[in-house]
Amino acid sequence: MTVPLPVLLLLTSLVPAAVTFFLPQEAHRLRNALSLGGALLKVALIVAMLFAVAGGASYEAGLTPAPGLMLLLRIDALALLFVSLSAILWLLTTIYAIAYFGTKPQLSRFFGFFSLCVAATTGIALSGSLFTFFIFFELLTLSTWPLVAHKQDAPSLAAGRRYLLYAMPCSAALLWAIVWLESATGPVIFAAPTDFGTLAPNAQRAIFALLIVGMGMKAAIVPLHGWLPAAMAAPAPVSALLHAVAVVKAGAFGVIRVVHDVFGMDRMSELGLGLPLAALASVTILWGSVRALGQREIKKRLAYSTVSQVSYIVLGISLIGPFAVIGGLAHLIHQGLMKITLFFCAGIYDERAGVKRIEGLDGLGPRMPWTSTCFSLGALGMIGLPPMAGFVSKIYLGLGGLQSGAPWVLAVLAASTLLNAAYFLPLLYRLWFREPAPEVQGDERAPALVAPTVVAALGALGVGALAAAPVSPLAWATLLAERAWLP
Amino acid sequence: MTFVLDAVLCALILGVAAATIAGHGVFRAIVFFIVYGLLVAVGWVRLGAVDVALAEAAIGAGLTGVLFLAAYGRLGREGAGGDAPAPAHLPAAMAGLGVTCALGWAWSALPLPDRPGPQLAEALPMSGVENPVTAVLLNFRAWDTLLESVVLLAALTGLWMLTRDAAWGGRIGLPQHVRPDGVMAGFGRVLPPLGLLVGVYLVYIGADRPGGAFQGGTVLAAVGLVAALAGAVRPPRIGATRWRAALVAGPLVFLLAGLAGAALGAGFLTLPPQIAGAALFAIEVALAASIAVTLAFLVLGPPEETITR
Amino acid sequence: MNALVVLLTLPLGGALAAVAFPAGVARGAALAAAAGTVAAALAVASEVAAGAPPRIALGGWPPPLGIALAADGLSAALLVTTAAVMAAVLLAARHTMAAGLAGPRIAFGFWPLALMLWAALNAVFVSRDLFNLYVGIELLSLAAVGLVAIGGKPEALAAAMRYMLFALAGSLLYLAGVALIYAAHGALDIDLLASRRPSGTDALALALMTAGLTAKTALFPFHVWLPPAHAGAPAPASAMLSALVPKASFVILLRLWTEALPDEASPAALTLIGALGVAAVVWGSLGALAQSRVKLIVAYSTVAQIGYLFAVFPLLPLAQAAWSGVIFLALSHALAKAAMFLAVGQWMAAAGGDRLEELRGLAQAMPMSAFAFALAAVTLAGLPPSGGFLGKYMVMTAAFTAGQWVWALPMALGGLLAAAYLYRPLAALFAREGASVAAPSRARQAVPLALAGGGIALGLASAEPLALLANGQPPIQAVVR
Amino acid sequence: MTLWVGPLLPLAALVWPLLIGAAAALPGVRDRAMRLLWLAPLPALWLALAGESAATLAPDLLLGVTLGLDPGRRLLLGMTAALWIVAGLAAQPMAERPRAAIFAGFWCLTLSGNLAVFLAQDVVTFYVAFAAVSLAAWFLVVHERTDAALAAGRVYIVVALAGEVCLLVGLLIGAHAAGATAIAEVRAALGTSPGGPLAVALLTIGFGIKAGLVPLHVWLPLAHPAAPVPASAVLSGAIVKAGLAGMLLFLPEGAAGPALIALGLAGAYGAALWALTQRNPKTVLAYSTVSQMGLILMLVGAGGAAREAAPYVALHHGLAKGALFLLVGAMLAAGSRRQRAACLALAAVAAASVAGAPLSGGALAKAAVKSELPAALAQALSLSSVTTTLALGWFLHRLARTGGAHRSALPLALPAVLTALAFAAPWALWQDWTGRAPVYALAPDALRAALWPVAAGGLGALILLRFPLPEKPPGDLLTLPLRWRRATPRWPELPARAIDAAKLAAALRNAVARGERALLRRQASAALLPLLALALFGLLAGRF
Amino acid sequence: MTALTLYALTGAALIGLGLYGLIAARHLLRRIVAFNLLGSGLFLYLGAAGARGDGPDPVPQALIITGIVVALSASALAVGLLVAGARLSGRATLPEEAE
């Protein structure tokens, strides 16, 4: 029996999810083995596929449960970009989470939903049609809730509630758009151009807006971002998942699919959709940064930072030009690496030093040098300082803005850089330059927490410093852009 | 002349019905209702539907009336016998009037359909009975009737579920205290044999002439009721196996007969003409017995005497 | 022996046995009958799926003289779903409705009533005769009333009484319509009526039947009896009442409007029904939001979910997908709602009540039934990949295809409202605190989980049920304007 | 002299300091890291001495790194490397002090960036280098962790980041206009493209910040004195030159010329005069740097050969200013009167050179450019020597009053080497850079022209000693808004809690209960049932 | 007007009356009585319709007999509910209609 590759890729996290749910709490070893095994297998599969897909290959698997409904999984270059990110970060997060949770209660539930989340993300990445995308998108919504509310205390439950409060109406909007669209066009297959037929331009615009609302909630586009800072009540691995591995990324990826594959660049320009989206992304970038400034909790500040950063991706996509798209796509990876580093660090500060608020960071740098170095690298990357990954994205976004005739993007980037610096540098300052508070104790005697963090930080450094290398995210994004723009 | 008779009858029916609805006092409404039932039974005879007339008289007026009277009595014991006067209800009046008018209009608009008359005439000889109503009930639309017998059982089961847990297992109905030399006791001694005869007769002739399991069963139920009310017999306990067997006998025989048809290859509820007559008779007898028991139990109500265990 | 016959008679036989025999034997007989009926339902479905839908002219008398029974895709789907729900309910009841736990009265009454209810459902799903359908839903109603009253509390009795009155009024209105149909056409068979000579009175007949059946289905504003009735019954009974009973009258309605008298439909009438459906979605959801007892929340949810079924009516003559969609909604609601009530029953047994604050933290002790509730919530909220989602999706597509996007709105809105009102019990369940309670065994918790999983599976493996439904799907018929 | 160069040498010149810096993090090396610092710039010095032929292409790094040299930057590279070597040696005593490893690490990072600014051939590398030097230097500024250092650090980082942003935007516009990342092409494109003026303005701001262009210089008088002495030396001597290099590289000929001239002159005079209000000798030196950089930027603005010669001027200034800062450190360490005198003497020599006293390197530098300038500017240049002399005279005065006697070992050799270089290097390079014989600088006219301003300035300085100006806080323009606002903005929370959830729930409960009661009361619901039938009948019969 | 019409219209009127009683009455026993009235009116209507044409049609009669039995079953259960409810609450009305 041969299982099609896309399905196999999905199964690498679906099977651990399904089995983990039924494991007793005490089966730590088996559960960890399952999660890690799935993650490793997935990474291996992806590495194997990378080269084939770079050569132009694509894999497909699909079924049609009902006329007009098509479930289609397809591995193309864009899918692989996203799925590699989520797979690698999943592996890191799994290692981290195993160490983070130790023997805390309800682990089977946690890891079950965790794997399910990743399975959903994989599904989102591999979706070959809009309908399939929606199915996995919603699966993600649902499997994320138990993770957000995992601690089951009042703030976690409130966060979970807020998450659903945002997610549900937005997925209704998404569904509405999909139904509207597909009732006019038939099934929307990403690989094939969509035939909008008789749909009036304004209807197309409305559909686009609804799709963006649906995706934008996950991507935390203002004003649909309110759930994300609230969700920082969740444990650190969940934050990593939300901010880097799965959720906001899925939203951004959805925007990419909508712009790129559902509407296509030509139609985007024809309908004049790029500019409003870019404007929205810009507002988000600035607003997220401004709000981050006011936060005193580390994770909350990081969360608002994500709000801002993820819209870099959206901005890049919406500018409809090769450079901008490269920047946006590359930032999908870059932001993931940087933000996961930061959240890993925040988790370590919380776990090992009991520090949640930025005041507590005072003087932790020398005590927790590895963590703090990683945190600093991540923060500098967020500001966009070379040679971190964020810098590369910013260069391309800036050039893209100019190339697409939107020089104001530079102003946005400039302002965002300054704001990023304004809310990150004080943290670094506290870490390294303040006298530690006497009651704060911190150590790093948790190699399984620190190691993934260091790897992620090195990754964020590496993809920036080696951006031009032939296997970097940037190179992959360039490949995608070339395929999109070169005949 | 007959028209005038009919008109007077209809007027009476309507008048009594109006009195039932609008009159004061629950008891009076019940009495009016019994009168109404009898009048309607006469109406059915006028319409040439003797089977229905019998059913209406026995069930509609008779048994239902007893049921209501018994209920009234019990409500009185619970202090809820008094009427609860209701003010005029305009929407209800509009609704009633509207539906009446609509149906009245429909009457004028009704086409005269091709009935299943020819097919029925053709099929009747093969049905095993001569009374076409019985043929429809027990053969052509036997599935309805089978379900209906289960409906009775369902009602009884439901009714029994209203027993207080403390009374479960006790004798059905209210504990009776009848003076042995009273009128009721006399009735109880005289009526049952007579009624038994009538009931059995009705069942027996149902195959050919008006009558049948339902009508006969109802009379038999009435017999049982009177006997019970008169203290001549004591109602059984709720868990009594024999009586439970009697409850299910009718539907069971019916069901088995239907399945036998299926097993014989003729099809479910299909009775080959050769044995149809005998089979239907057996069904009718069993059904009558079950109906009698069930109806009697329905009227008697759930056990009310607290059992001390 | 014909599977269809077994399907109809076995639960009846089981019910008779349950009445006749003492409690222990009765339960065994009932469960045996249940097992056989499940098998028969599957057999019928496979016959339908194989393209050989069983059809019987009872007694060998073809309509109009006799009664025809036939299973088509719609019947088969409902029969199988009913079998699944009933099997789960009876499995759950095996423990909770035993004499030791529930007392001898309930131990006696539950089984025959449940089996009669099942028999009535099966009969309704396959009957092609309007009067036979009347008898069927009467049997259904009486058994259902009995099940509502089985709890014996004053509220339950009042609820049962209210239910009874609505059921009686509804039956008679329906019967009035049937009478008019027979009077005008001399036939009661659905297929014969489809090819009848239209009569002016058919509109009145259809109106009366529809009104009567909406009362039985508890469409807004005739839902008032439903929440207390469903909430007042013991959990297995509630599961049957909420999941299955409304479906019977709904199927009759569906058959009337799409099979028997589709030519009578008028856009305005369909719109009126649809509007009531939308009102039901909104009002039921608000009602559920306002409750603080889980059973009432779940019961009001039924009011809302029934609203969905009617909100699809305006689309039925316009788009093929609406029909399959609404049936998917009905099926997944059946599975999910039964799962919910069974889960709630386990919590009530453990926590002693169903107020939200009493349920706090129960997910710790009963993770499986809590998970079952969550999965069922996914289905009810119409989230992928559940069957509820697929139904909603098909209906919404139908709405857009028909150019009537307004009717997609209640689907979208209803999902949100469902998520809102189901969130509260879920949040309570998953709260961290929680007293230690005696949890039922995993095997018993697995029962609602299996049902809820079925609701999800309906979406995941939707190809089979959709193919099944295609058997005998009525063609859409443009409304005469 | 031909030294070996390989294709990797430019890269190695950058990576080598990084390796040393990274080594400083290693536990075994940590304590000795300071002693290695002087090794870090050696490959760069080698490269500068070897010539311009070396180039590195590293297409995989960043967005593709290209490194190479041109004459001007070779000069600056050499000067920078030399200064850093000397400063590295001067930093060795700091090895005993706390946080030495951190200092060493960022020292190396700053160095690497500083060198890379002179080697970068493409926009991205240049930006990376500039950011590295700019931001890593912050750690040098705040190293002492005194309040003043931290306050200076805050100003520094804010201004530096603003500068980075301006640069980034300007560079992006340039790269877009050129459609390429090679610096030469970008410069060409900036002159012609429509976005050019904006980019030029942004770049001028970005580089001007680093180079201490008035009024963007405000951070400089705060930061340079705050740093440890060796760091001050490289900050003022080498790092400011990164800004200059940027301007030379990117500003098209004549672009922003008038502005640069005006601001440069304003800085040249204003900063020198403001220096007179300062008490801290390092601050005085910092203002002097602003002043000198003003002159050099004026040259850039003037364009033509003057612009070409700017690196030559900068070379001298870097070496001399480095020497002066080191001398401040020496003075702080000087124990005996003799040592102090030696210090002062050496400082006077270096100061004279900066002021352009005859025969000094400074005089050569001025001579090299004066003939290339329009007359007015040439005059201004000469005149600036007066103010420079004033300022440096004041510096000597303040230096003389700086006391310490902390240590006996006096690293006087290092400033001496630098001073010597400051004198010698311009002479050595004179012919190469001006194309004139060395005698030109020895001509009496030239000597006279160099002498009178110094003399005038010296005289003024003497007067000033008698009548000192009132003290002003450093940071001049910045003194008003220096108060760091710690306003935490309060943003309105989204109205999640605006509505009282409990009240809402109660209202909903009431509404539902009322509705249900209304439907039940008098059986309204039941009454609706036949009415629904009638309504349906109407609608069906009417075929609406 | 024929006799059949007379009975049919009587049936229709009974239906209306029964409906009114079923909805408007408060005492539950009266409601159940009204239900029976409504039912029998309906049967009358159907019977009259079946009696049209040549000779009485047995099918409606059979339907009516079934209907009568069903009505009795329902009435019995309703009465049982009423009595049991009254035993617990002392009322013969629905709780929402109690005085």
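For clarity, chains are labelled A, B, C, D and E in written order, and residue numbers in each chain start from 1.
In this text, a contact is a pair of C-beta atoms (placed from the backbone, for glycine too) under 8 Å apart; a residue touches a chain by one contact, two chains touch by 3 or more.
According to UniProt, the chain labels map to these proteins: A = Monovalent cation/H+ antiporter subunit D family protein; D = NADH/ubiquinone/plastoquinone (Complex I); E = Na+/H+ antiporter subunit C.
Computed from a predicted model, the values in this text were never measured in an experiment.
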{"item": "Number of steps on the shortest touching-chain route linking chain A and chain B", "value": "2"}
{"item": "Centroid comparison with chain D (C-alpha atoms), farthest chain", "value": "B"}
{"item": "By mean Cα position, the chain sitting nearest the middle", "value": "A"}
{"item": "Chain A and chain D, separation of their C-alpha mean positions in angstrom", "value": "36"}
{"item": "Centroid spacing, where centroids are CA-atom means, of chain B and chain E (Na+/H+ antiporter subunit C) in whole angstrom", "value": "13"}
{"item": "Distance between the centres, which are taken as Cα means, of chain C and chain A, whole angstrom", "value": "42"}
{"item": "Between chain C and chain B, distance of the C-alpha-averaged centres to the nearest whole Å", "value": "30"}
{"item": "Interface hub residues of chain D, defined as touching at least two other chains", "value": "520, 522-524, 526-530, 533-534, 537"}
{"item": "Residue numbers of chain B (touch at least two other chains)", "value": "89, 91-92, 95-96, 98-99, 102-103, 110, 115-116, 120, 140-141, 144, 148, 151, 154-155, 158-159, 162, 164"}
{"item": "Chain A residues counted as touching two or more neighbouring chains", "value": "none"}
{"item": "Chains touching one another, given as label pairs in label order", "value": "A-C, A-D, B-C, B-D, B-E, C-D, C-E, D-E"}
{"item": "Complex interface listing, chain C residues touching chain A", "value": "321, 324, 361, 367, 371, 378, 381, 383-385, 389-390, 392-394, 396-397, 399-401, 405, 408, 412-413, 415-416, 419-420, 423, 427, 430-432, 461-463, 466"}
{"item": "Parts of chain B lying in touch with chain C, wherever the complex brings them together", "value": "99, 102-103, 105-106, 109-111, 113-116, 119-120, 123, 139-144, 146-148, 150-151, 153-155, 157-165, 168-169, 239, 241, 244-245, 247-248, 251-252, 255, 258-259, 261-263, 266-271"}
{"item": "Contacting residues of chain A [partner chain C, same complex]", "value": "21, 63-66, 68-69, 109, 134-135, 138-139, 141-142, 146, 149, 151-153, 157, 160-161, 164, 168-169, 171-172, 175-176, 179-180, 182-184"}
{"item": "Residues of chain E (Na+/H+ antiporter subunit C) touching chain B in the complex", "value": "2-21, 23-27, 29-30, 32-34, 36-37, 40-41, 43-45, 47-59, 61-66, 68-77, 79-84, 86-87, 90-93, 97, 99"}
{"item": "Residue ranges of chain C in contact with chain B within the complex", "value": "1-2, 5, 8-9, 12-13, 15-17, 19-20, 22, 56-61, 64-67, 69, 103-106, 108-109, 112-113, 116, 119-120, 123, 131-132, 135-136, 138-139, 142-143, 145-146, 149-150, 152, 157, 176, 180, 182-187, 197, 199-201, 204, 208"}
